[in-house]
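Look for chain A in each of the two complexes below; its partner is chain B in the first and chain C in the second.
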Partner chain A sequence: MSGRVIVITSGKGGVGKTTASANLGVALANTGASVCLVDMDIGLRNLDILMGLENRVVYNLVDVIEERCKLRQALVKDKRLPNLSLLPAAQTRDKTAVNSDQMKVLCTELKSIFDFVLVDSPAGIESGFQNAVAGAEEAIVITTPEMSAVRDADRIIGLLEARKDEITQYRLVINRLRPNMVKNSDMMSVEDVLEILSVKLLGVVPEDEEIIISTNKGEPVSGTENVRSGLAYRNIARRIRGEDVPLMDLDALNGTWMTRLVKFFNPSVRV
Partner chain B sequence: MQQVINWFFRTNTDSARDTAKDRMRNMLTHDRLELPAGRLESLEEELIAVVSRYFELDKDTTKFDLEHYERRASLVANFRLLRSKC
Partner chain C sequence: MAVVKLPEQFAELYKILGGVDICMSKIAIISQPDQGVLIDVGGCGSLQEAASHLSNTLQVSNQFWKGTEVALNFGTLELTPPQVAQLLAIAKAVGATPKQVFSENEPTRASLRSLQMKIGRGKPMKLPEIKIDALTQHELEEEEDSNYTEVSGAEAESMTLYETEENLEFNASLTHDTVPSAEAEDDATAAADTATAGDAVEEVKITQEFIDEAEEVDGEVDAEEEEEEEEERIAPPKPTTPPVPAVLYLRQHLRSGQTVSHKGHLVIIGDVNPGAEVMAEGDVTVWGALRGIAHAGIGGNTDAEIRALKMQPIQIRIAHAIARSPDKPRYKFSRFANSGPETARIIDGKIKIAKSNVD
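And then the complex of A and B:
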């Protein structure tokens, strides 16, 4: 068996790479696939927190690479989803603890076990990023509709293009979109960002306070019904699996008929 | 009354969204080409100087722009020629 190794990256920090990794891991596992989440943010471990698995980390990725333990010993199985595992980052080391060749070997082993290996990349374009993409064949670029995030995404896309031989496809996820602000022309739209970056879209995730709540609980939103960001992640997971899922209607999620009526007559008014 | 109607149907031309889009496009063009600020302007000046040696130009309609297709930019210059100089 050979699974798919997908790196989740962004360039800029704080745009939601780790949140996306956790949610796509849960959503893909819920479709029945076996999934391994790999936290490559060595020294700044966070993915275990979002998954609610921080108390179960014994060994980590660096321990596996330095052969202090077997791969299976370092994998933390999610009790709620037995087909989902996490390979945590080391917290006390830094990015130099791993090199690209070691990552390639690790990813080869992981994809012989799992259907999907999702690698959560650290921010930046230095060695941490280079190692995270080393073993991957596909990439998901996360951005928000903010200028600085889009600029950094463009830089990352340039670097992925330069690795065309290894990275066969990359697609964009636009995170934290605020449909109301787009409607008021206060923020770039999905179409604006796609036009500027000239890249294929994988999905759009609306801004949602539920993300903060779910992070605090250690339960990614994609495992919860009736949460709009969770639905967005579930849709993305289905698209990753090759299904043709239309984008959800974000406008319908916003405002009452009264606020929509006011905006119809005056698009610039803030309601 | 006209004011009320204008307010009601006011369109947002200088919106933050459009400004962001314009700035973004310009910024990424420079990023992707590793083009320092002002370089394009100096090229424009030089090109006009060269063409002006051969032709009298209608400077008001001279256009000098970068057009985008996918992730590449094309330089599009348009000189309205009035008459030959020699």
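And then the complex of A and C:
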């Protein structure tokens, strides 16, 4: 079996790489695939916290690479999904602890075990990013509809294009979109972003307070029903698996009087 | 870069007590009363890395290094004479005097000879090896109505730990039975706990599988390892070395990514935050909140204890045992937070927590 190694990257920090990694991991695992999340943000690890697995981490990626433990010992199995595992980053080391060749070897080993290997890349374009993309065949670029994030995404896409022998496809996810602001022309629209970046769009995730709650709980939203950002991530997961899923109608999310009426009578519905 | 800044009093304490290890990322500072101080740079992969780690680490305390004779270990790093001189200059800049240098790399040794630096003979000192079996870790439950023996007569909040597979299974089934009733008010948590109890049984299977696999694949090497494991299982691991009676006092907060290890007892006056690790061959005492990982008895001493004013650890490790915090949302931890000073120790092969009570 040979799985797909997908790196999730952005250039800019704080746009939601780790959140996207956790949610796509859960969403893909929910479709029945076996998934491994790899946290490459060595020294600033967060993915274990988002997954609620922080207390189970004993060994980490650097231990595996330096052969202090076997891969299997370092993989932390998810609490809810048996087909989802996490390979945590080291917290007491830094990005120089691994190199690209070691990552390639590791990714080859992981993709022989899992259907999907999602690599959460650190911010920046230095060694940490280079290591994260080293073993990958596909990339998902995350950006927010802000000039700075789009500029950085553009830089990243350039770097990915330079590696087109290894990275066969790269697609864009636009995160934290606020349809109301787009409507008032206060925020770049999906079209505006695509016009600058001219890449294939994989999905759009609306801004959602639920994300903050889920981060504190350690339960990614894509595992929960009735959360709009969760639905967006589930759709992206289906597109990754090759299904043709139309984009969510974001205008309907919090604009129309009809949805407000529904929400008024049934607040539990998250429209 | 994580740098543990030691207070200036530390220099004094060091002279009195001796026997201090401080391990920060790739540089280890290892000292023993009779063998002096060794700065181990061997963990670094390149000159650049070694230089940045070394200069960061040596800023620990200027007072500490003034006039101190040190040995350095370059490990397998390959260095030209100017590069060696560069690293030595970093040590000299803080007032330390490099006395001898260990190296396993022939070109580096040649460089050292050309600089007329004394090359260390034999093996440099090493940090103690820590061996934990990650796969025997277990869901750590806060037992409301404790089925375990109470510690020191106090209302025990026990964390449990599991060295043998039998224990593991026993605890898994126990959790399964008691949790839903005890936690009826929180359905979601109860469900999650039940699920993890199931996980634990699966983890047992993995352990077994893992061992089987290891036997199959590399017979000879693992035969030795297995013997060791067997020993651990039959008899509780004996302390390999008598505990060093030295105590290290650290007056500071340890933040994420910082590690401190010590050959004797370790006292932190301050908090240990999530992501930080403290290790000691003896006891670990935190006069503050323990929120990160604490490992007592790293040499295998199962009598070692961990105490903290606020016990909110991610994991607790004593000798070869691991216990992990309960899977509850963090913001509901207030009950844990208000429980007062607590002590963790191994009782009947499990790590348990109870209110601290000096007899």
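Here is the rule we use: the second predicted complex is superposed on the first by the 255 of 271 C-alpha atoms of A that agree within 3 Å, B and C clash if a C-alpha of one lies under 4 Å from a C-alpha of the other, contacts with A are read in each partner's own complex, and residues count from 1 in each chain.
In this section, contacts are C-beta pairs under 8 Å (C-beta built on N, C-alpha and C of every residue); 3 or more make two chains touch, one makes a residue touch a chain.
Everything numeric in this text was worked out from a predicted model, so none of it was measured.
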Which superposed partner A:G52 touches (first chain B, second chain C, both, neither): second
Partner chain in contact with A:G124 - chain B first, chain C second, else both or neither: neither
Touching partner for A:M188 - first (chain B), second (chain C), both, neither: first
Partner chain in contact with A:G13 - chain B first, chain C second, else both or neither: neither
First (chain B), second (chain C), both or neither touched by A:V150: first
First (chain B), second (chain C), both or neither touched by A:I196: first
Which of chain B and chain C A:Q91 touches, first, second, both or neither: second
Partner chain(s) touched by A:K77 [first = chain B, second = chain C, both, neither]: second
Chain A-facing residues of chain C, complex: 1-2, 25-26, 45-46, 49, 132, 134-135, 137, 140, 192, 195-196, 199, 202-203, 206, 210, 256-259, 274-275, 277, 314-315, 322, 324-327, 329-331
Chain A contact footprint on chain B (complex, rising order): 7-12, 15-18, 20-21, 23-25, 27-28, 31-32, 68, 70-71
Chain B-facing residues of chain A, complex: 147, 150-151, 154-155, 157-158, 161, 182, 184-189, 192, 196-198, 265-268
Interfacial residue positions of chain A with respect to chain C in the complex: 43, 45, 52, 54-59, 69-70, 72-74, 77, 79-80, 82, 91-94, 96-97, 99, 216-218
